[in-house]
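One chain, chain A, links the two complexes that follow: it is found with chain B in the first and with chain C in the second.
What follows is the complex of A and B.
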């Protein structure tokens, strides 16, 4: 299927736009997480989104609402993921357990709780429970028009928070001590976490919770190789994320049996490897050329 | 051996095998690396199954462990280039390897009977189902013996290299100056973690194995200040927690490995709260001000 047929098809167009929006938001917010050296917190967010979304589903069904409404599930995921980030931060601050261990604990325990909820749901007589398995590996083939609207709205919210608080975010990223001194310490951290949580939870259903971490880390790491300026890096990272999301789903639809999440990740990983090897001014390849040039100059003078 | 006894033993032996290297992973600030390794073994398991056709083959175990080691070596390389910042390197490598694994599974490349669901959470009861018979006598699940072998291997490693591991963990620079090959020791530890994760894969899956490896050690870390005592406490919590978690899941008819993970989380939360009240000056004070 060529790209035009792909985009002419309503279902595929929804999927394409949805994953591109997800990639755009996680790429943009991922740039800040990357520069703050806290990329892996996105893994905690995505795993904690499982019990959040499933809990919201249960509550909605018990209240007699439609449990499949994406906005509802996202709200649950948002609350529980936010709680998970706060919990891992609190454990690391208030005890001698270090932050990596705190993240690992929160990630696996929240995920375990999610699996318990999943058993409760799959054993129970709940309407509309089909497709809850999608959260694990993602299923982008079922993005409806309403889903797309929700995804775009939440992505816009995440990016909006980033744009409005741009100055605070960049100060906190590059000079945390000065930022804390000005009174923008923990509050800005909280806001950055909220924006990242927004960007990550919208991807969990389409890309899968296991692989969302790649959509946060990989575009940012690739973009970093091409530029030294923050606005350029954030924009480039968002673009790479959107491109990877869209192109990845296109390839996955063409392959048939393969879920889009892994394909998106491999597309992004390819972009990253190319950036790492070939980006001008900063890459592995650039260094080799530089070294050869210096060697030659040295030989000529000797 | 009855099925239930076999499965309980399997749960307990898995917890012990995981907890031993887990203590060192927690102390070395490599807890999230367990997450990376546990995902990266997947392509190795699929390829290993394609070549050996035997899920308990030691070759599959070794091959999968080597693919898990790719995360460690790959992220070390990326860090060494100086071009990738912070904790990003492992976050770059493991999703890519895991994706390759998922694609191989979903293309039914090697008709390995891995439900993509099982990949993440494992299935203790399924793992306990394949019984081993010796001379017509049913001696319990085959996975139990694999896991026990790994537990013995981990125990022997910690026993033999205990002083060196201790020094390399707490003061790597001093350890190097004494001529201890810290890099080699580190790689050996990571290889053992990868072997353990692979062996525990059927039991606990890629995500819940982190609960068995990291959480008991973290609880013990809060309770003690000596390495020897920490290892002992970790083992007690691992055995007690997996035993209690197993029965809890059994009576609630809940998935076993998820039940064990959540139970370990509850133990950690209890230890965390209990140790909070004992403190007067928060050690994390400097971090909180940041």
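What follows is the complex of A and C.
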């Protein structure tokens, strides 16, 4: 199927636009997480999204609402993921436990709770519980018009927060201590966490909580190779994320019954490898060429 | 009535975790002087600056700037941390970093505009790094990095400057540039507090001195406070004829 046929099909177009929007937001916010050396926060967020979404599902069903409404599930995921991020940060600050340890502990606790909830739901008589397994490995084969609207709205909100607080985000990311001295302290961290949580939770159902971290980390790592300034890095990371999401679903549809999540990850990985090898300035390939040139110049002057 | 000092510290104590670093520090910085904070490694010189600014939470004590708490006069105080504290591989240019110094008085949400661009240009000029403005910060030498931090502090044009070892790891040329800026600030009547390592140059750079070793051993005008006896106490030198004391001149 060529790209025009693919985009002409309503179902595929929804999926394409949805994953592209997810990649755009997670790529943009992922650049900040990467530069603050907090990439794995996205793993905490995606794992904590499971109990959040499932808890929201249970509450919705018990209240007699439609448990499949994406906006509702996202709300639960947002709250619980936000709580998980705050908890790991608080543990690291208040104790001598290192932040990576704190994140691993929090991540597993929330994920364990999510698995228990999943068991409760699949054993119980809850209407509309089909598809809750998708959170683990992702399923983007069906994104309804309402789902897409929700995804795009939340992605726009995440990017909007980043744009509005651009100055504060960039200062805090570059030099946290100086930022605090100038009066931009932990409140900026809170805003950055909120934006990242927004960007990550919208992707969990489509990409899967296990692979979602790739959409946050990989575009940023690839984009870093090509640029020396923050605005270009964030824009490029967002672009790579969107491209990886869109192209990944296209390839996965063409391959047949392959879920898009893994394909998206492989597409992003390819971009990352190409960037590492070929980007000017920092890449392995560039360094080899430069060193050869210097060596030749030395030989000629000798 | 005498003018309120640029900074006054009363009974300041601070600790990293449970290890006390500063005990009961009293210090007064008169306006318009260059004050050197001098003392051996581990004396708490950097911690003193950070505790004064609230970057290390103090255990006890009060700090006032121009007679008021820091939160009320933040824009009048500038801080230059040690250059080792940031990721120099960060994708940003010299000009971007110096511009960040204007964010403090801009406050939340306001973006740097024409005025901030002009100030940034002046600060780059003053520190002799205007030609490096477009460089990625990782491409700079140690001395150039210090000058970027200095320019970032100058750009907000504060009345009081707190500088943590501005001469650390700096070559002769950068040292000269930084000294030039210091002299300029002094002539303009600004107040400067520098953490300083080199006893031999204290008399050249500083009007006042505070000898620190966990607490203030002595402070005041250089002629009165920077005596062999006080230096000996600050550095725990046992005998008065130790050749170490020759360096203070």
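As a working rule, the second predicted complex is superposed on the first by the 302 of 302 C-alpha atoms of A that agree within 3 Å, B and C clash if a C-alpha of one lies under 4 Å from a C-alpha of the other, contacts with A are read in each partner's own complex, and residues count from 1 in each chain.
Everything that follows uses one rule, which is that a residue touches a chain if its C-beta (ideal position, glycine included) is under 8 Å from a C-beta of that chain, and two chains touch if they have at least 3 such contacts.
Model, not experiment: these values are computed from the prediction.
Engineer: Go through the superposed model and pick first if A:35 touches only chain B, second if only chain C, both, or neither.
Structural biologist: Once the two structures are laid over each other on A, A:35 reaches both partners.
Engineer: Contact-wise, after the overlay, does A:257 reach chain B, chain C, both or neither (first, second, both, neither)?
Structural biologist: First partner only.
Engineer: Looking at A:19, would you say it contacts chain B, chain C, both, or neither? Reply first, second, both or neither.
Structural biologist: A:19 contacts neither chain B nor chain C.
Engineer: Touch check for A:193: first (chain B), second (chain C), both, or neither?
Structural biologist: A:193 sits against neither chain B nor chain C.
Engineer: According to the stated criteria, A:224 is in contact with first (chain B), second (chain C), both, or neither; which is it?
Structural biologist: both
Engineer: With both complexes overlaid on chain A, does A:180 touch chain B (first), chain C (second), both or neither?
Structural biologist: After superposition on chain A, A:180 lies in contact with both partners, chain B and chain C.
Engineer: Is A:213 in contact with chain B, with chain C, with both, or with neither (first, second, both, neither)?
Structural biologist: first
Engineer: Which residues form the common part of the chain A surface touched by chain B and by chain C?
Structural biologist: 35, 37, 96, 177, 180, 224
Engineer: Chain C touches which residues of chain A in the complex?
Structural biologist: That would be residues 35, 37, 96, 164-168, 170-171, 173-175, 177-178, 180-184, 224, 227-230, 232-233 of chain A.
Engineer: In the complex formed with chain B, which residues of chain A make contact?
Structural biologist: Touching chain B from chain A are residues 34-40, 42-43, 47, 91-98, 100-101, 103-105, 107-109, 111-113, 115-116, 119, 123, 133, 136-137, 176-177, 180, 185, 210-211, 213-214, 216-218, 220-221, 224-225, 257-259, 261-263, 265-266, 269, 272, 276, 282-284.
Engineer: With touch defined as at the start, can you tell me which chain C residues reach chain A in the complex?
Structural biologist: 17, 53, 55, 74, 79, 81, 85-87, 90-93, 96-97, 100, 103-104, 106-112, 136, 152
Engineer: Please output the residues of chain B touching chain A within their complex, sorted ascending.
Structural biologist: Going through chain B, the ones touching chain A are 26, 29-32, 34-35, 39, 78, 81, 83-88, 90-92, 95-96, 98-100, 102-103, 106-108, 116-117, 120-121, 206-208, 210-211, 214-215, 218, 221-222, 253-255, 257-262, 264-265, 268, 272, 275-276, 282-284, 287-290.
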